[in-house]
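Chain IDs A, B and C follow the sequence of writing; residue 1 opens each chain.
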Amino acid sequence: MSARIIHIASNTFREAVRDRVLYNLIAFALLLSGAAVLVGQISIDIEKLVVINLGLTAVSLFGIVIAIFIGIGLVSKEIEKRTLYTILSRPVRRWEFIVGKFFGLAGTLVVNTFFMAIGVFAALLYVAHKFVASDALIFVALYFIILEFLIICSLALLFSSFSSPLLSAVFAFSLFIIGSFAQDLRGFAGMAHGVTRWLATGAAYLVPNFSAFNVISSIAHGQPVSGHLILYNTVYALLYAAVALSGAVLIFENRNLK
Amino acid sequence: MKQRRRTSWIAAALLAGSLAASMATLHHLDQMRPQATLEDVLYITSPSVLKRASLGYDGLLADIYWTRTVQYFGAHHRGGGQSYALLAPLLEITTHLDPHLLVAYQFGASFLAPEPPQGAGVPERAIQLMEYGIQNNPDDWRLYYSLGFVYYMEVKDYSNAAEVFARGSKVPGAHPFMKVLAAQLAQHAGEFATARMLWDATYQSTHDRQIRKNAIEHLRSLRVDEDVIHLQQAVTTFGQRTGRVPASMAELAESEGWRGIPVDPDGHPYRLTPDGRVEVSDPENFEFVTRGLPPGYKPTPTIP
Amino acid sequence: MPAIEILGLEKTYMVGFLRKRPKVALRPLHLTVEDGEIFGFLGPNGAGKTTTLKLLMGLIFPTGGGARILGREWTDPEIKAQIGFLPEQPYFYDHLTAHELLEYYGQLSGVPAKGRRQRVQEVLQQVGLHDVKGVQLRKFSKGMLQRVGIGQAILHDPKVVFFDEPMSGLDPVGRREVRDLMEQLKQAGTTVFFSTHILSDAEALCDRVAIIHRGELRGVGAVEELTSSVQGKVEVIWQGTQIPATLKALGADCHVSGDTVRAVVPESQQDAAIDALRRERLRLISIAPVRTSLEDYFVEKLRRAETTAGRTA
């Protein structure tokens, strides 16, 4: 069972890599180096701040976009092109297919992030000329970004299991935006009354919450991140991904393929 | 078919379970980082940058920041906070994004100027905010009201306050009480009646719950202050007549011919100490009271 | 133990804007395929052949009935290791090469790692793709993709293979190769179940066939049985290019080639045809019985089905 999942995952990874996604990494690295050079012209104090802020934000946004664009096609493209026929006629369970795809996509993003992170550190070295202890916090921010990716991947997969690529992209992206403001949504809900309050609160807990993952501004100022937060964020991301994946499995298991 | 059913059930159970657990985790996370959304306010305090970054959706972003402002203040206020450092930046950002968000200015008038724990203690920024509001909404009399209010209540600059009220009364559609207040301020600055009129006007000029609650609290405390002064006066008169302090409030009441023992707005009787001081029975009930407090009294911060 | 037992498998789709109108794709189908035979599943396009195959593969779910393959429930995932499937006009991951695809599929089918590489090479040879094994599939022609499809179906040495239109997209040489391969499979003891609308292929290969039309089974049996049930025909050849009117009236199938005419008439009309020729003073060259083809049986069956449908409609 687990061997099949790994095989599906590595095939998904291989597909993503050959899909010329890798070229965007080079583009990103160049972009960041260019920005770092420009930033080097401004005052000494904030250049490091800008590199970290700009760099990590770019890693996050690039990754989300890649996750969505690859993720939405993962299942719907296979159904559309009927490449699934010869896969499912083998001893592959439908749920293994979904899980394998998820790990393949997640793996792609982790590798992506790794290369982009090198870009960030390179730019940082260029402007600051050396590393300090607080720079290790960047790893925490990167870890949180990867957790965000896990959630987005699982959502893209969920939508892909029943919706066309275009709609899936719209849904996934909308949820990303809403999720970034989810804490405010809870604030809105807190100010509402009656039925609206319950609906808004429900929605606010249902959408993925990304606010807790965004530590970019604080680590740019060298603020430490508590281990407690790291633990709970990890748990939340895993649980939420499990929700979306279970949904995807549930839908896919019962779907008549065309 | 059996396989499919079994897998579906497991998936459904996993979905429900994970969902519940994720909500619980989220709840915990919320409590751990109540200021998560305020990160950017802490580190990006330039409203104009934010406005540009909002890509034209400033209205929505203003609403979001307004929500955050209310949450921020409410959370700190409940905890008896000693510092509201982010209140001014939050309000500035909100009004910069939407210069016509009236309630934000009114909020600033009520809560920026007073000293902690009632407010942020930055009256100059409150004035700045009101001026900005008037600049962007020259035909809204309520902003003149808010500005005049700050001048009078917090800065105690009575002449400026009167002048602002007069200016505001000339705005078309201004509430009649603007003229009345202008006149009142000109002649009876510093008096209880004036304060009462102002807080009454504040209450009427807004729908925001927090501002209204604040106004009511002030009115109640004013009542207590007035009562205490009035009662203390009676004690003094008693002393002049009898050469001693009344033995109890009941004795004072009888000698003055009052119907019963005087009570505060909550219905609790005022107390008379052996050395002739009038005290309110439970100062905790009145946030803004300044008289009738036991000596050395310090309000305890409310712990949620 | 029969290789395949289809037990009342049926599929009805709900179509229309609100999904309220039923559309029957397959009426309850009962069919048995014996171990080691080549079984042809015939019918015109849209008859329900692909629907049946998709149901058996678990790609779509039946609205009734079930099936057993090699004695086990058709939904049993373990059974998939022993069956191979070639869909109609197959598509594969075009970023992979033929070699990589077969490796991947081998992994998924549980082909042990030890002999896998060798087996992949074998199969590539067998389907004639060994020379292009390193080329990405996006560059393959339709015929080449068909070969890949066959390759992935037989890769794991299945006991039963299901082919949906295996000859489609192939040139005559390719078709011959596929036919030879199917014979090879039979020799090796594999049961072959394939669907097609090309009757000559079925005639040449199959032990037994089933005919399906508009979702309903119309006939099952060995090829000889079926063809013998159809009325015999004779072939009449005469000199000249003239075709007597009476012959035409008999419904004869006439064909002029060079300076002779060849006509096929039902056996019962044999004498009437000869009379017609003699009346016209045409010189008879030959008269011989024609073996009825499956096509005749097919056309006859469908024609009868249409008329019944017409009568009941």
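FYI, a contact is a pair of C-beta atoms (placed from the backbone, for glycine too) under 8 Å apart; a residue touches a chain by one contact, two chains touch by 3 or more.
Keep in mind the model is a prediction, meaning the values are calculated, not measured.
Taken chain by chain, the contacts link every pair, so each chain touches all the others. Among the chains, the centre nearest to the mean of all shown protein C-alpha atoms is found for A. If you tally contacting C-beta pairs for each pair of chains, A-B comes out on top. The centroid of the Cα atoms in subunit A and the matching centroid in subunit B are 42 Å apart. Averaged C-alpha coordinates put the centre of subunit B at 84 Å from the centre of subunit C. Computed centre separation for the pair subunit A/subunit C is 48 angstrom, with centres defined by C-alpha atoms.
Shown for subunit B are the residues in touch with two or more other chains, namely 3-4. Annotation for subunit A: residues 93, 254 touch two or more other chains. Each of the following residues of subunit C touches two or more other chains: 61, 77.
Against subunit B, in their complex, subunit C makes its touches with residues 61, 66, 73, 75-77. Subunit A contributes residues 3-4, 7-8, 11, 14-15, 18-19, 81-93, 254, 256-257 to its touches with subunit C in the complex. Interface residues of subunit B facing subunit C in the complex, by the touch rule stated above, are 1-4. Here subunit B touches subunit A in the complex through residues 3-4, 7-8, 11-12, 14-15, 18-19, 21-23, 25-30, 32-33, 36-37, 39-40, 42-44, 64, 67-68, 70-71, going by the rule given at the top. Across the complex, subunit A is touched by residues 54, 57-61, 77-78, 80-81, 83-87, 90-93, 95-96, 104-105, 107-110, 149, 152-153, 162 of subunit C.
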